[in-house]
Structures are given as structure tokens and as C-alpha cells.
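See the structures that follow.
After this come two complexes, each holding chain A, first together with chain B and then together with chain C.
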Partner chain A sequence: MTGFQKKTKRFGSRDPLPWLAPALLVLAAFYAVPVLDVVRLAFSDATLFRPPSSYSLNSFVDVLTSSVLPDVLITTLVFTGLSVIALQCVGLTIALLLVRGERRHLPGMASFRTLVLAAWVVPGIANGLIWQMLFDEAPYGTLNSLLGSVGLGPIAWLSDPTMAMLSAVIANVWQGTAFSMIVFYAARKGVDEALYEVASVDGANGWDKFWAITVPQLRLAIAANSILVAVQTLNTFDSILALTGGGPGRATEVLALFTFNTVFYNLDLSGGSVLALVLFALGLGFATLVFGWLRRDST
Partner chain B sequence: MIASKQARLGDAATYALLTLLGLFFVAPFMWLFSLSIRTPAEVFLGASRFIPEAPTLANFQGILSDPAFLTYLWNGLKLSVLGGGLAVTLAIPAAYSFSRLRWRGMSALLVAILAVQMISPLVLLVPLYQWLSALDLLNTQLTVIAIYGALGMPLAVWLLKVAFDAIPVEIEEAAHVDGATRWTVLIKLTLPLARPGIASAFILAVVMNWSQFLVPFILLERDSDWPISVAIFNFAGSTSASTTQVLAAACLIALIPAVTVFVLLQRMIVSALISGAVKG
Partner chain C sequence: MSRLTLAATLAITVSAAALSMPASAQDLVTRTLVGLPDAPNTLTFRLTAFDLYSSDDATREGFEALFTDFILARPDWKIETQLQTASIGQEQARILQQTLAGRGPDCAMIDSSQLALFKENGVLQPMNAVFSDEEVADLFPYVRDAVTNEDGDVLAWWWFTDLRVLYRDTSVVPDAPETWEELKAAALTAADAGKEGILFNGGRWEGTAFDWLANFWAQGGRLVEDEGVPVFAEGENREKFLAAVAYVQDLVESGAAPQRVSSIVNYDAFNAAAAAGTAAMFIGGNWQYGQLRNTLPEEDFANWAVSELPGPTADQRATGTGGWTIASLSDDPEKAAICGEIAKEIYAGPGNALQGLLPTSAALYEQYDAYEGPEFELFAEALQNGVSRPGAAIYPEISNQIQILLGDVLSGSSTPEAALDAAAEAVQGAFERL
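Our next item is the complex of A and B:
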């Protein structure tokens, strides 16, 4: 028996249940039961204002064979894929620059970190509205009038389907980068500096060291961060709602926004439940994929 | 000599990259500010002038003298703070048992608490809306506070566990020898010692609640109940090009409280997040 166990035994009751009761109740009432209820509703014919009267596979068939779903899924994958790549590249770049700057005692690193964090806490709705002003396509719109003054543009930031997607990703990266920055900053701080010193002695340049030391050492952080960022992005829709409303057409209508519209505008609770399950499954599937890759990689 | 020259070149490159990235991150804030101090006529000048010819605070005055807008700010504050307080209160006993007691299934439950954060609030709200409607609990701020508490609890449990882990058990044992129960020790000793961690968890929860849109948008119909996030979204839907400057001022007011709190307390919050990230 270890010393620690002896101590805990000596020190009062070890029954965790009374301590856990509030948390367990919350987990049950606000997470477990709702998720199970989503499954039940997906098999039902419920609308937002009418409880289920019968159960069948109809909603699944309707939703999964609808002509809109493939478009929405492609939009979701493009938005999530681009965001995850961009968020991590920008976040990693900033984290490494900050670590380098701090090691060299360069001034201004703390204020830069603060700036990135400030964007992180901007409410999603405000984020969408701010970028909508920046992307405004009128002649006096910010970015277009700026481009115009150097003889470029105008760019159809929000009315062209491809540009609208890029604009949504840009707004998402502006807000979301801080999270990846913190994760990578913490992970990079945990890397043994001796590795870099040995590599320097061997004559490795910065680029070599990045691929030979930083990336392999941060592998776990990159994998975990990919999952977290992908799930966050999958669940994001308030900034898109404010920025484009899902348009033009359905060009930026990601699955979360589509689910929201299905339930709360079309009042189709059972169809929305099916979509919610798809959303849930996408996040879970991606997490499983990355974990599987990690496990195979580490054996 | 060569090494230091290289290092200085590296410094220059570091600053060059950070400047570019810094422009990207600072521009939206600057531009929002520039728009918010313009007259309607100057909005139409676009980017040709950054500082307007005749800067005006009229947009802010207009908004802040509107009682409805003050109500939205107050609602936002009330819902965020009470929801954050509830999240932390719910999390404290669980985090304490994760930190101090050893029991079977502990790590599984910790992972579960981490995992539920990945569930979109939207997925949870789909069934919750129906139940709340059946129980006649829609359109009350208490419901929104309860849901904020539930949504904020998992992260708070993690952050508080890390904070409690950092407090030596020996201190508590000394108190226990004197006959104090675990609850007394927790309240009198551990919680005060864990103040920075508790504050970080609370502030993070409050800031996240301040940004929440979906929950109040769906659950609160009366406009006197709305927090600021819902209000600016509805306001944006009713504005036109000639009121851009007012919308800019409203957005700025909506984000200033969260950004200010975060900037002032970021050292504490970020170190809590980093130690949470390392342990998790």
C-alpha cells in the first residue's frame, strides 16, 4: 500500500458519491438524457410543437435521401477542413514565434498574445457582424474601398459562393486561432530544449529542427488539437449566421446551421434530430479516426 | 559573431511575421472603432479615411441612452455571471473528489466530462426545448442560467481539479488532525487557497456565456429578457447601410466588457488554461 492511500484512508470518508452527485445529475439531465432523447425523436414524427405520435424510419429516409443534404455535407467538410488547417497553421506559427521571441527577450510578445486572445472572446454574433462590415461589397465597403484605392477589386466577398466560403473561414480563423495558439504554446514549452541544442551542434538549421524535432514532439498536441478544433468548428454557426446567413444560396450553410434552421424555422423536430445525430457522428467519427491513427503510429 | 548576426536576422523575421499577423488580428478592431465614431455621411467614404474628419461620439450616446439597450447589457451580465457562478458551484465538489479521493472509474468519468464538451449545445437544445416547453419553463431567465451552468460545468471541473491538485494534501491533513471534516476543510482552507484557479474558471465561464447566442435566442422570446448577443443580431437584421455606424458602435459595446475582463486577467486565465492543457 502506498503512502498516499494510507493518508487518504486516514483522512475521512473515501466515498466519492456525495461529492459527485451534483455533477452527475447535471451530466444526466443536460447531456445523457437529451442525447438519448435525440435518438428517440429521430425515429419519431414529432414537430417542434407536437410530441411524437408514432415511430418509424421515415425521418431518417427523408433526411438522408434529401437532395439538399449532400450539398450541406460538402459545405460542412470544406468549411471545417479549411478552418482546421488554417487555424492550426496560424496557431502553430504564432506559438513558435512567441516562444522564440520570449527566449530572445524581444519586447511586445505579451501584447501580441493579448491581441490574439482578444479576438477569441469576441461574441460569435459580433464576429459575424464585424466581418460583414469589412466584407461589405458596396463601393464604400472597407476591404473593397481599400483594394479600389490601389486599383484592385472589387471582390464579391459575400455574394460569390466560393468567396463567401473563404470569407467565412477567414472570420472563423480570426476568432478561433487563440485556442490553437495556447495549446501549441503549452506543448512547445514542454519540449526539452536540449534536443534543439544537440541539433544546433550537429549543424541543423531552423527548418531542419522544425521538421525533425518540433513536429514529432508536438505530434500528440497536434492530434488532440485537430480533434478539438474540428469539433468546435463543426458546432460553429452563430458567426456564419450573422455573416452570410448561410448564403448565397446554400453556399455557407454548414450542417449545424442547417440543423438549426430545420428545427427552429421549419419546426421539423424529427428531421432536425436526425441531422443532430449526423453532426454528433461526424465529430465522433473524426475523433475516432485521429485516435486510431495515433495508436497505430505509437506502436 | 556569425551566430549572433543570424539570431538578429531571426529577430527581424520574427517581427516581420508577427507584424503581418498582428495586422490581420488588429484590423477588425480598429475598423470597427473607426466606423463607430463616424457620421452617416463619413461611413460612405469607406477606407479612404481611417480617422473621420469629424469624429463623433453620437452613436455611443444614442445607444447608451436607449433604456432597451441598457437592459440588454444588464441581462447579458446577469445571465453570464449567474450562469458562470452556477457552473463553478456545481464543479467544486466534483473537482475536489477527482483531486483528493481515489475511486474506481475516476479516470473514465474525467474523460466523459471532457468528452461531453464536444457535444454541440444545439444537439442538446433540440430535445430540451420540448421538455422546457412542456414544463412551461420557456421564456424565463432562470432556465437560461441553469443551462449555462450545465454547459460551463465540464470545463470548470477540469480547471478546478488542476487547481486543487496544486495544493499540498499535507495542509489539509493538518487541519483534519484538529478534527475538521472534509467539508469544513474544503470551505475554510482549500477554496481560499485555490482562489486563482476558481477565479479563472469563473471568468472563463462568464466570458463564454457572454458570447452565447443560441441558448438565449431560442429560449427567450420577450425582448426585455434578451442579452446583448441576441439583441445585436436582431438589431443587425433591421439596419440598413445608413445605420452601419450605429451597428458598429453596438458591436463594440457588446465586445468591450468581455475583451476588457479577459485582457486584464489574461495572465491568470492563460496560465490556468495552460496547466489544464498540460495535465489533460
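Our next item is the complex of A and C:
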């Protein structure tokens, strides 16, 4: 190593701040400042049209002791839990099918991948409207008509509270599967094929290979995807807003939608800020749990 | 002169003539601008997507012509247009927030239900120079009260109103039901015949609360006191509220209305049901009459009739009245005047007639042939029982809670009493934080 290289390395490793400063400044301007402002508003008495005039814990007390919050949190956890599990399963299944299809040089694999990705680019509101049309319970509604043609249904897709939740999950999974599929597809491509060949020589069947090779090898991808889709789902409100509006009653009113309603119906900016912090804490808590599990697992 | 030279000369002549002529409607109206880009004065106007930028070609072209005439008469002005999305509550909140921060548009369409909030915040600028005392006096009383202040200043112009009516397929329901009981009986008869008896909004959106409120108002119920304090869950109001909830709950539980009403979140669902021939009755807006006429085959449309919303008794009737206003948010008197002139010259008269919307001034019904149909006599009669939403800042949350309450009750998740208690608690909490 030359003296110049040594000097450069020493400079970079001892004093990284100058190199990181631009990135830190950008992050601070676009992320930290708005987050800190939300924290400030949460302690204030601000409404949508009135700036803060005093600071206290009142908004925290009001929001956290609200009789509605437990129901909203349960709805959020059910929606997020079901969505994350379904997104992982469907995304992984499609990714593995794609890899298998490509390995066997089946025609149409690129089209299949594009088709799945197409749902990803649909905006949330449009996604909600599309599924609202499909789930329409009118005698001429799309899905119920199809079910009726084979002697099934009709199903109260949106007017029954339980089915409305399931419908919201289906719409969310349809849109979000592509992301999970990409993550798992990339991770699966990175698995050494020799492992599968050795397993085949040892007489392992497909199921054995899946549990003994694929799942352990994709462990990191599963963890990372869990966090990403969980946070993404926690923040989902636009598709639900268009699909059910949070109804019937509060059956599909998740925390993000409740926050939106608190700000734009109640005009309660401080209460909405408290809810935004709760949402932030939930996402952070889940990420910490998954990373903690990963670290413990790796040691 | 060769043919080529002649053609070139003609082309130059035509081009020069075109340059000297006024621009056409298409040139003067773009997606973001009305007028010439280099006009010295600018008015920013935030409007909805239902007229100048309507997806309906005839409506859009009609408004393009009206705006073109307007701007040709004011060559020193251009109007920068800003489109509002369909998310009314959010859009209106944004306009108010931006105006309070000094970044609002000069002129904007304000939903009539939100007008009080804008008045309360003192952001509306008088447009007195545009409207005469006679014109103000000719407004329907509830409209006049809403658009003027104590000093008689015209703070907005409510350019059209609407109301809710009962639509019925007369081949299934020949006589108009006048009471809740009559409506239930007619709907059950229709349901027995394989139709959906009665459809109404029951999902999570403003239309659900607004349409249902007619049942509450018909009994004389009040949502808020004069000072804006919520009182809908107290004393006699509570009984009236529960009676109105029990009425719609009974419609669903008896099968007069299908369970799916608790998922209906737009009026188009009723047009679709009428077109499919699956519904016997629905509670819709007056504007749907024209839509049905344009959508249904003539012989099918002939079966449809409108009538006043039934009440608990034939004498107790009410209907929710809505509509849009145009208001100036700029303290520049010239801009306030242009804003008022837009409301008066484009929207309130010819714009209404173009779309078949209901004017808020009696004189305009006489002025335009568009209001000669028998349905307009019924609408005018029903407007006598019109009630507008309270001009209180807490109204959006009351509406939100009514939507939740009806959803919970209609889906069987809660009893009317428990749902009303929960709604009252939530509204009171929100009111105290306002």
C-alpha cells in the first residue's frame, strides 16, 4: 500500500463527517425536520386552522385514552398481520414459480413477471376503486355474478364487517405482491444452485429442499421483506379509503385512515400528530423485533 | 402568378387574418388557463371538475364557450385555473389552510356545507359591488342567510342548490309513498317481486349522513345549537335521532332494503341499478333525473318518477339541500369583483341552465326554458322543506360519526342506542378540542 493510500484511508476512517455531511443534511431537511415538527405538534393544541398556542400532554391523554383507539389498533393489527402473511406467501410462491419456469425455459415467464408488476404501479386510490367494482354486491356485481354462474354466493364482500376486512386485505395483497415477489426473486437467484444439486443427489424431494435450503437461504430476505411490507401496510389508507371508506362502521378503519380522519374531519392536527407517532412507534417496534430475532438467530 | 405563388400568398394572407382575429375557445381555454398568457392581470380560481373540465363533452364545451365570452370581454385579465379533487373535505380544508397562510387562490368554489367554516375564519372578502340588493333578496332564504354576514355583505354566491328526492319505478310502485310505513310496505312488495325494494347510501361517506339526516330533520331534530354546540344526542333530539335510525334499520332487517346498502358510497350505484332494472326505488339527488333521462331507453325512463322523501307522517317532510358556492379569498377589490362576476355571469345563470342544476334564485327559474319540465315543479315544491347542513365547524365530525353509526347498526355490529352514545362521546371530544 502506498503512503497516499494509507493517508486517504486514515482520513476517511477517522473523520467521516465531511463525507457524510451532505447526506446527513439532506436527510435532516427532508426527514428529521418534518418528524420533529410532528413531535412538536403532538404536544401542542394546534388544529388544522389554528397554530399552536400552548404545549402540554393533553393531546396524548385524549388520544391514548380514547375508547375508539383499541378497536382501531385491533383492526390495524389484523389488517397488517393478514396482509404481511399473505404478501410473503403469495410473493414467495410467485417468485419460486418464476425461477422454476425460467430454469425450464418455459415461454411467457417475462410476460408473467410483467403482469404481476403491473398491479404494483396502480395508485392506491385506483386499486380501491377497481376492487370496489369487482366486489360490488349488486345483483350484477362482477364477482358475485361469476360465483352465481357456478351456483355459489352471493357474498357480502363489503357490507359484512368480517368480509369487508378480508376484501381490504385481498385488495392490498393484489397490489403489494409484486414487491414481495421482486425481493424473493432476487434473493432466490442468489442461492447457489449447487446446494440443490447436492440435495438431489442425497435424495431430497422438493418439499425437503424448500424447508432445508430455500427458507434458510432466504431468511434475511424474509426478514427484510417482513419489515418493508409491514411498514408499507401500516401506512396504507388510500386504497381502503376508496374501497370501504373504513366501513361498514369502523370495520376497516386502520390507524393510518383514522389519523387522516382525525386531521380532516376533526380538524385536530395535534391529535393526528399523536396518532402519527403511534404509527411510527408501531413500525419501529416491529422492525426492532424482527432485527432482534435475526441477531439472536445468527448468534 | 403560378399556382405555387398563389397558394403561398393565400397561406400568408390567411395566417395574418388568423393572427388579427380573436382566439377561438380552444385557444383561450387550456387545462390551467383561461385567457391569453400575456394578459397583465391574473386571477387564480380553484374549481371542481364538474363543469369547465367536465368529462362530459357537452358540459365541458358549454362552459368553454361561457368562459371564452367572459374573458374576451375582459382582455386585460387571465384566469389561472386550479382543479380540486373529488375528496371534498380534504380539498376544502387545504384551501382554507392555504388562505390562512397567505397562499390561497384568489377565488374558489366552496362546498355549501363548508361555507360557515370559511366565514368563521374571516377569509371571505365581500363581493358587494357585483350583486344588487334585489338579486340578494331574490335568493332562497336559507341561501341568503348562508352567503351574507350581519352587515349584509355578500361573502359568497351559492350558485346552485340540490336536494334529495325519492325515485320510483312506477311499474312496480305506482303511487308515491308519503310516510315511512308506506315506503316500507311498497319496498317489501317490490322485494317479493324479486326487486331490490329501496336503495340508499349507507357506506362511509358524506352522502350517507346527508341523505339520512332528512329523516331526523323531518321530525324537527337539531344537530347543533345556534352557537354550534352539538345537541343531537340530548333530550327530544335523541328520541328523534333514534327513531330515524330505527326506520332505516327496520328497512334492512325486514328485507325492504338489501344488506348491501351499507356498502353504497356513491349515487351512481342507483343509476346503475335503475339501468339494470333491479331496483324499485332509491333515494337520490335531483340531478339524477337528467342522468336517468340520458341513460335509460325512453320507454324505461317513462316508468321513473320522482316525489318528495317520505316522512314519519305525511305532514312531516324534509330534504337535505346542498350545492356549491363561489367566494373571493383575495382582498384586492378588483379580483373580488371578477370572482363575483364569474359566479354571476358564468355559473349562476347560463351554467345552471346548461347542466339542469337548480338555481338559488326564483327569478332564474322563469328566465330559462331548461326549467320548464314537471320535475322542476316537484323540486321547487320539495325545496320548501329544504334543510341545509348546519354551518358549524363540528359538522364534518358529526357527519363522520353518523356514517360510522349507520354502518355499525345496519351491519348488526351495534345497537342504535350504543352506537349513538359512542357517536355523541366522539363528537363531544372533538368539539372540546376544536
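The definition used in the following text is that the second predicted complex is superposed on the first by the 273 of 299 C-alpha atoms of A that agree within 3 Å, B and C clash if a C-alpha of one lies under 4 Å from a C-alpha of the other, contacts with A are read in each partner's own complex, and residues count from 1 in each chain.
One rule holds in what follows: a residue touches a chain if its C-beta (ideal position, glycine included) is under 8 Å from a C-beta of that chain, and two chains touch if they have at least 3 such contacts.
Because the structure is predicted, anything quoted here is derived from the model rather than measured.
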If chain A is used to align the two complexes, do chain B and chain C fit next to each other or clash?
clash
Of the two partner chains, chain B (first) and chain C (second), which one does A:Leu48 touch, if any: first, second, both, or neither?
both
Contact-wise, after the overlay, does A:Leu279 reach chain B, chain C, both or neither (first, second, both, neither)?
first
Chain A residues touched - chain C or chain B, whichever exceeds:
B
First (chain B), second (chain C), both or neither: which does A:Arg250 touch?
second
Is A:Phe264 in contact with chain B, with chain C, with both, or with neither (first, second, both, neither)?
both
Have a look at where A:Glu137 lands relative to chain B and chain C in the superposition and call it first, second, both or neither.
second
Figure out whether A:Val26 sits in contact with chain B (first) or chain C (second), or with both, or with neither.
first
Go through the superposed model and pick first if A:Ala156 touches only chain B, second if only chain C, both, or neither.
second
Once chain A of both complexes is superposed, is A:Pro123 in touch with chain B (first), chain C (second), both, or neither?
first
Any idea which of 5-13, 203-211, 221-229 or 257-265 of chain B is the one running into chain C?
221-229
Please identify the positions on chain A that touch both chain B and chain C, taking each partner from its own complex.
48-49, 132, 136, 138-140, 264
Please output the residues of chain B touching chain A within their complex, sorted ascending.
7, 10-11, 14-15, 17-18, 21-22, 24-29, 31-32, 35, 43-48, 90-91, 93-94, 96-97, 100-103, 106, 109, 112-113, 116, 118-124, 126-131, 133-134, 147, 149-151, 153, 157, 169, 172-173, 176, 181-182, 207, 210-214, 218, 228-230, 232-233, 236, 241, 244, 247-248, 251, 254-255, 258-259, 262-263, 266, 270, 273-274, 277-278
Quick check on the complex: what are the chain C residues that touch chain A?
89-90, 93, 96-97, 100, 117, 121, 196, 202-205, 258-263, 265, 269, 272-273, 276, 278, 393, 396-397, 399-400, 403-405, 407-408, 410-411, 413-414, 419, 422, 425-426, 429-430, 433-434
Please give the residue numbers of chain A that touch chain C in the complex, ascending.
45, 47-49, 59, 62, 66-68, 132, 136-140, 156-161, 164, 244-251, 261, 264-268, 270-271
Residue numbers on chain A that touch chain B, as the complex places them
4-5, 7-8, 10-14, 16, 18-24, 26-27, 29-31, 33-35, 37-38, 41, 46, 48-49, 51, 90, 93-94, 97, 100-101, 104, 106, 108, 112-126, 129-134, 136, 138-146, 148-149, 174, 177, 182-183, 185-187, 189-190, 206, 228, 231, 234-235, 237-238, 241-242, 256, 259-260, 263-264, 269, 272-273, 276, 279-280, 283, 287
